[in-house]
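Let me give you the structure first, and then I'll get to my questions.
In order of appearance the chains are A, B, C, D, E and F, and numbering begins at 1 in each one.
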């Protein structure tokens, strides 16, 4: 493993906890190259820079995934990430709601339901 | 004008300064209804809520407009908005760069160039 | 509740029947603010204007949701809405088919299957 | 030329007038195959069916092109098409405004400005 | 049936085997017109041209469906198509991975998992 | 500069010739980090893998950029890249035309015109 990969896994675990390892493992079984760059590029390179704090990064990612409309699995992982980085549930829901102005109701409703599924799952634990 | 419209214009001016009025005026000349809801809905309703601070809201919006790829005019306005709400140029560029992980290079490059055009224009003043 | 909310719920029920209430209720449980603007903005503001008749509005919405590719839940609700506002099944399928020219086969096929699921469900009742 | 091509050109001229020929000619100079299917598929096949009237078809197309955000050239042509098929300017603007609920402000604002450019050009003639 | 339809079905079967017939049959039950143009336009017209070989066409289609993010059902069919036209599993995964540069991780991850589901299904047979 | 950066620049020059340097330089002036990952990630990592030949990679990228509709600047650069990697003009136009089935006419027409602008520019030299 490269240093960048190890740095990236460390950064991922800071955001997602144990989900980081299971997410990457499920991808590595399909494609080791995809798993490698998934860790190295966003987390070993982009997220480790100090210009933005982790909570702001996660809320920006939730905004982006919301407007895309189809990024449901990643949105759920980053909901966990946002919570772990200090965002409250209300703040996450507020970002999704704000996105109504930029993507309209269908994409934002998809996101709202995905985020809520994470909250419901967490309450069961 | 409704109270919500007046609240919205006030919120818009806090974000965009004089650009708020010229933006809405250019839309009102085409469609008064579109201009009305443009002020009332995002700014009179969504942005006035206190759950998130204005800087975080603007950075989230920049994330969203970046991944869409085609939202160039709005992205430029919100670059002004982010600066006025306390974001640095480096923070704005960092959000655009982070979006590479979620939208790839074409959309993020469109955004990078649009944001930079705002910076260049501001430096001329 | 605001007057706009009550007007919006009335408009929604005209389009979707009982589905209006269950749709909004499922959203309110997650976020009261999202549910509020979901009723007030599209239905209390946009759809109540008299420039277009309800059937034309619903067919335009079906066109829009079709080309987006990911707006499956909203497309199903608006299929009910289009039928309730006087569109025939053939007209709805024709709009989806026309969209092939603007979004290609993947998005239109997603839409065709979603619309058909509504038809099949209605036939069971 | 196939019968379907001739039927398609006839249908296109009904919608767009002389713009039909110049549009297709500009494409044929780049790719004869693309020009051929551009006439035959949407206009020789889809638009000639009688299930929907031309005005409704054009308004649905305007809805679709609005939410896409990047379909500016086609949106302008179909603004001409909608007017020629009996839609008023107010009805076209209303469809664009309704789309705010499905695509948010950036895409709808792009569309509003494109539609207005057609109106301004027509007023100059 | 038109000659173009028969040519298209023949082309489809060359790409997808028996899946061609079941795919089109499931669409014809909903809309005969949609099924007709689904065969005639892409397969009776576009894919039968000799400028590109079938394997290159299928890999290009996989690239396109990957970046769209929501074209999961079509992506699975074209994974079968790419394999039948001579692409290896590694080549298909490589195209999906290359798309990371153009669509980011959410859309590419959706595609990776869809492609892998096809591989797993094939291994069970 | 990292080894990956140097490998990436070498790969970029193989695809785009001198355009590689001017493209990256124009980005570096805005954001050195964005320029760094633009070279390292797609070209130092993804494109250097041997699973696919460069021509196939470029045609797949053209397919992807076509369906996105807004990736005009990158599409022009990759048109140069495809030609340099051995694709003919007819093959490039054929990929764009094939995409009609997956993205419809607006996005594909945007792409057709962008590709043609590159051809016209090259003919002037």
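Please note the rule applied: contacts are C-beta pairs under 8 Å (C-beta built on N, C-alpha and C of every residue); 3 or more make two chains touch, one makes a residue touch a chain.
The structure presented is a predicted model; accordingly, all values stated were derived computationally and were not measured.
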Required minimum of steps from subunit D to subunit E, each step between chains that touch: 1
Intersection of contact partners for subunit A and subunit E: B, C, D, F
Whole-Å gap separating subunit A and subunit D, where each centre is the average of the chain's CA atoms: 39
Cα-centroid distance, subunit D relative to subunit F, in whole angstrom: 30
Contacts with 2+ other chains: residues of subunit D: 33, 37, 41-42, 46, 49, 65, 67-71, 74, 94, 97, 99-103, 105-106
Chain contact graph, described as a line, ring, star, complete graph or other shape: complete
Partner subunit D, residues of subunit E touching it in the complex: 33, 37, 41, 45-46, 49
Subunit F contact footprint on subunit C (complex, rising order): 67, 99-106
Touching residues (chain side subunit B, partner subunit A) in the complex: 41-42, 46-47, 49, 51-52, 56-57, 59-68, 71, 74, 90-91, 94-95, 97-103
In the complex with subunit F, residue positions of subunit D that touch it: 27, 30-31, 33-34, 37-38, 41-42, 65, 68-71, 73-75
Touching residues (chain side subunit A, partner subunit C) in the complex: 69-70, 93-94, 96-97, 100, 105-110, 112-113, 115-116
